[in-house]
Structure formats: C-alpha cells, structure tokens
Amino acid sequence: MTGPAGAAGADAIRVRIRLFASYAEAAGRDELDLVLSAGATAADALAAVRGQPWASRLPPSPAVAVNRRYAKGEIALREGDEVAIIPPVAGG
Amino acid sequence: MTGPAGAAGADAIRVRIRLFASYAEAAGRDELDLVLSAGATAADALAAVRGQPWASRLPPSPAVAVNRRYAKGEIALREGDEVAIIPPVAGG
Amino acid sequence: MWAMSPWLTDRPIDVGQLLSDAASAGAGGTVVFLGTVRRSAEDGAIEAIEYSAYDEMAEAEFERIVAEATARWPQARVALRHRIGLVPLGEASVVIVTAAPHRAEAYAASRFLIEETKRRAPIWKKERFLSGQSRWVEGQQGGG
Amino acid sequence: MWAMSPWLTDRPIDVGQLLSDAASAGAGGTVVFLGTVRRSAEDGAIEAIEYSAYDEMAEAEFERIVAEATARWPQARVALRHRIGLVPLGEASVVIVTAAPHRAEAYAASRFLIEETKRRAPIWKKERFLSGQSRWVEGQQGGG
C-alpha cells in the first residue's frame, strides 16, 4: 500500500494519504497510498483510513486537506490527489 | 521679568513660565518669570502671559502643565512653580 | 533546507531582515509580533519546543493568509516567518512584521496574521522538558 | 545628552536593546511598535522631522504612562524610547516594546502606550522639506 502510486484501474483511483505529528506517531508512518473507487470523496478516504488499527486515535471529524488546502468531506478525489489528515494545529 | 527668580514679597509669588515649539518661536524666548499675587492660579498666570504682544498666537484654552504635570486652570500656584504652556502635542 | 523559503526556516529568525523586507518610505507605523517559547507555571520546566509542519501546505497557507491580509489592508506591507525544528526557551517561533501608512492598519493586519496563523497553519509543537519527557501540545481544529 | 535617559535619546533607537529590556522567560507574545518618519503624498517631499520636547516633563509623563500600562496589564513588561532632534526619513521616532505571557495583553498594552504617547507626551515636530522650508506639525491638544 505504500509503494509508488502507479495508475489504478479504470474504476479506481489511487491517492496518497499524509499523516503528521501525533497521528504520524500513532500510525508509525507518515504516508500511505490508498486505492479507492472512482468518485470517492475525502470522507471516503478518511473512512478507509479508519480501518487501520492505530486509527482509534483519530477524532470523530479531523480536519482534512486535499492538495494542500483545507477541504470538506464531500470533495471528490482524483487520481494522484494528496489527502492530509491534519491534527489540531498549534503553530505560532 | 526674566532674571533669576528671587523671593517675591509676602503677598506675591514668583513663577517660571516655560514656552515650547511654535509658542517659543512666536515669543522669541522659551522662558520668563512672572510675579503674581499670592493665591494666583494657573489661569491667572496664563492671563498675565496674554498681556505680551506675541500672545495672540495662543489658542483660547491652551493646555497647561504645573511642575511637569498637566493641570487645570484653577490650580493654585506656589512660589517657584514651573508653569508650562503646552502647544498641541505631536510626538510618536 | 528551509533557508531559502520565504515562510519557514530552521534557523533563528532574523527580525532585522523581516523589518527590511516590509519597509517602505510610506510606512508611518510598523508592528512586529514575536511569538516566543515561554516558561509557564502550568507547563513546568520546558527546555525547548519542537515545531514540525506539513511544509508544502504551510507555505501555501501562509501565501493565502498574507494575500487575504493585503487584500484587506492594501497599503500594508507584510513579512512573516515561522521557525521549524527545536526552538529553545526565549527564542521566537514566529515573527510577523506589518508596515502601513497609519498605525491602525499595521496593528489590525498584525493581529489578523497571527490569529490566522494559529488557526490555520499546519504546524504542530511538542514540548520538551528538562526531565527528558516530551508532550504534544493540544492545538485547535485546523480549518480554512 | 539623552544617552542615559530611559525615555529620550538623540541617537537612532536601538530596537534590540529595548527587546532585551522587555524580555522575560514568561513572555509568550512580544509586540514592537515603531513610529517612522514617512513620505506622504499630502505632505510633499519631507527630508526629515525635527522633534523637540519639554524634556523633564516628557520623562515624567512617560513614567506615568508606563505605570498606568503596568497597572492595567500587570504581567506585561514594557520598554519605550522616543527620539529627539533631527530624524531622517525612514528612521524611527518612537519604539515601544511590550512583552506578556499572552499576545492579547501585549497588543493591548502596545496600543495603549502609543495612543497615550501621542495624546500626552509634550513633544513637537517640525517637518523639514527638501526645498529648505519647514513647518510645525499641527498636533492634538495635550492633556493628562
């Protein structure tokens, strides 16, 4: 699941999930690739991530960014998109 | 009127008037001494200054400071007090 | 690696450089905000804070935040830098400079920039204690 | 002559020194305000501004203003310096540093200090133009 993102099948897309800070620490990794059905949304990607054992660490509605911009769950994903799950931020 | 402020008579006090910026420029000097009746107020000192030819330059109610602190006209003066007529301020 | 980035750096932030970046002959009021790693009673003996970021998005988010500020205060000039990596006690983690013809704009733009940075920049911090322990700082839900 | 005064100086203001003066291990937010001699369309080609003060009262008034600020924001640390004499275009006439555990206090104290300085400090300025002319700047009625 973490190899380079090749082309997915005609009815599937491959997206890159990125994890940071406490989420990356819980997962023991900072990225993974997911294959999703064509038409999948950010919320679908998040649901797939929740299947992982460490994901009980995630809050009910974590902030999500698609291609480096905050996004709502209903946004449709495309092949090669970068989906980040953003822990509560603490910059400044 | 501008000599060193010696002791005034029993019924009189001597105060130092200080002028700044555009007022000093109009007066051609930055200080003068006044002899006033005992019990005179800051307003009385200001009225005496108004007797000077350059004093048409003064606004109706200039800000006044007594002994380096803003003061109202009714404040009573004492021997040796420093009375400053403060042009509109423009620091910062 | 961030030495060339306009927004992130892994070195002490050069306030003088940011002041120069935001300077203009038309500026009458300049406000500098410095966010500093502090010692606090409730947190105990902090030695340093380690900042990490989603670098590429942080850069993009700072671009957007600054664009919003200059749209709102068109006469303001802005410089901002956030430090990443280990920041010792007393050193600045973020510096924001706003310069404008009048001070009200400089203050307003400064406040906007730090509030939006704290609300949106994908940056996290871990407190490191003299005891050797460390702890993620609970932040706020990010959002655009 | 003002080199030793805490409040007035006839030299360029040393911002780094003021930052040190206000620094403390408990400061999480520090705000620096710089008032700068600027070029403006309405004023024409200003070369410099000459500041003069009722020195002894300005010192006393700054003492009072800072005491009021620290009474209102007891956790804030404050440093302030005003320049007197000829200040060239682009240089600072006043610098105010406020450092506090939380940024809201640092911003509020900063704004208070500059507003009170402008309202009360017995300081005047004369604009000097490239043409050789000069003009007193109309200020605001001083008052405590």
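Letters A, B, C and D mark the chains in the order given here, with residues in each chain numbered from 1 onward.
FYI, a residue touches a chain if its C-beta (ideal position, glycine included) is under 8 Å from a C-beta of that chain, and two chains touch if they have at least 3 such contacts.
A quick note: this is a predicted structure, and the numbers were derived from the prediction, not measured.
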Query = Moving only between chains that touch, what is the shortest number of steps from chain A to chain C?
reply = 1
Task = Specify the chain most distant from chain C by Cα centroid.
result = B
Remark   = Chain centres from averaged Cα atoms put chain B and chain C apart, in whole Å, by 51
Note = Taking each chain's mean CA coordinate, chain B and chain D are separated, in whole Å, by 27
Key: Approximate Å spacing (C-alpha centroids) for the pair chain A, chain B   = 76
Query = Quick one: chain C and chain D, Cα centre-to-centre, how many Å?
reply = 25
Task = Please set out, as single numbers or ranges, the residues of chain A touching at least two other chains.
result = none
Query = Where in chain D do residues touch two or more other chains at once?
reply = 35, 114
Ask   = Pairs of chains that touch, anyone?
value = A-C, B-D, C-D
Remark   = Listed in rising order, chain C residues that touch chain D in their complex are 23, 25-40, 89-90, 92, 99, 101, 103, 106-107, 110-111, 114
Ask   = Where on chain C is chain A touching in the complex?
value = 35, 51-54, 56-58, 60-61, 82, 93-94, 114, 117-126, 136-144
Task = In the complex, go through chain A and note every residue touching chain C.
result = 18, 20-22, 25, 63, 65, 68-70, 84, 86-92
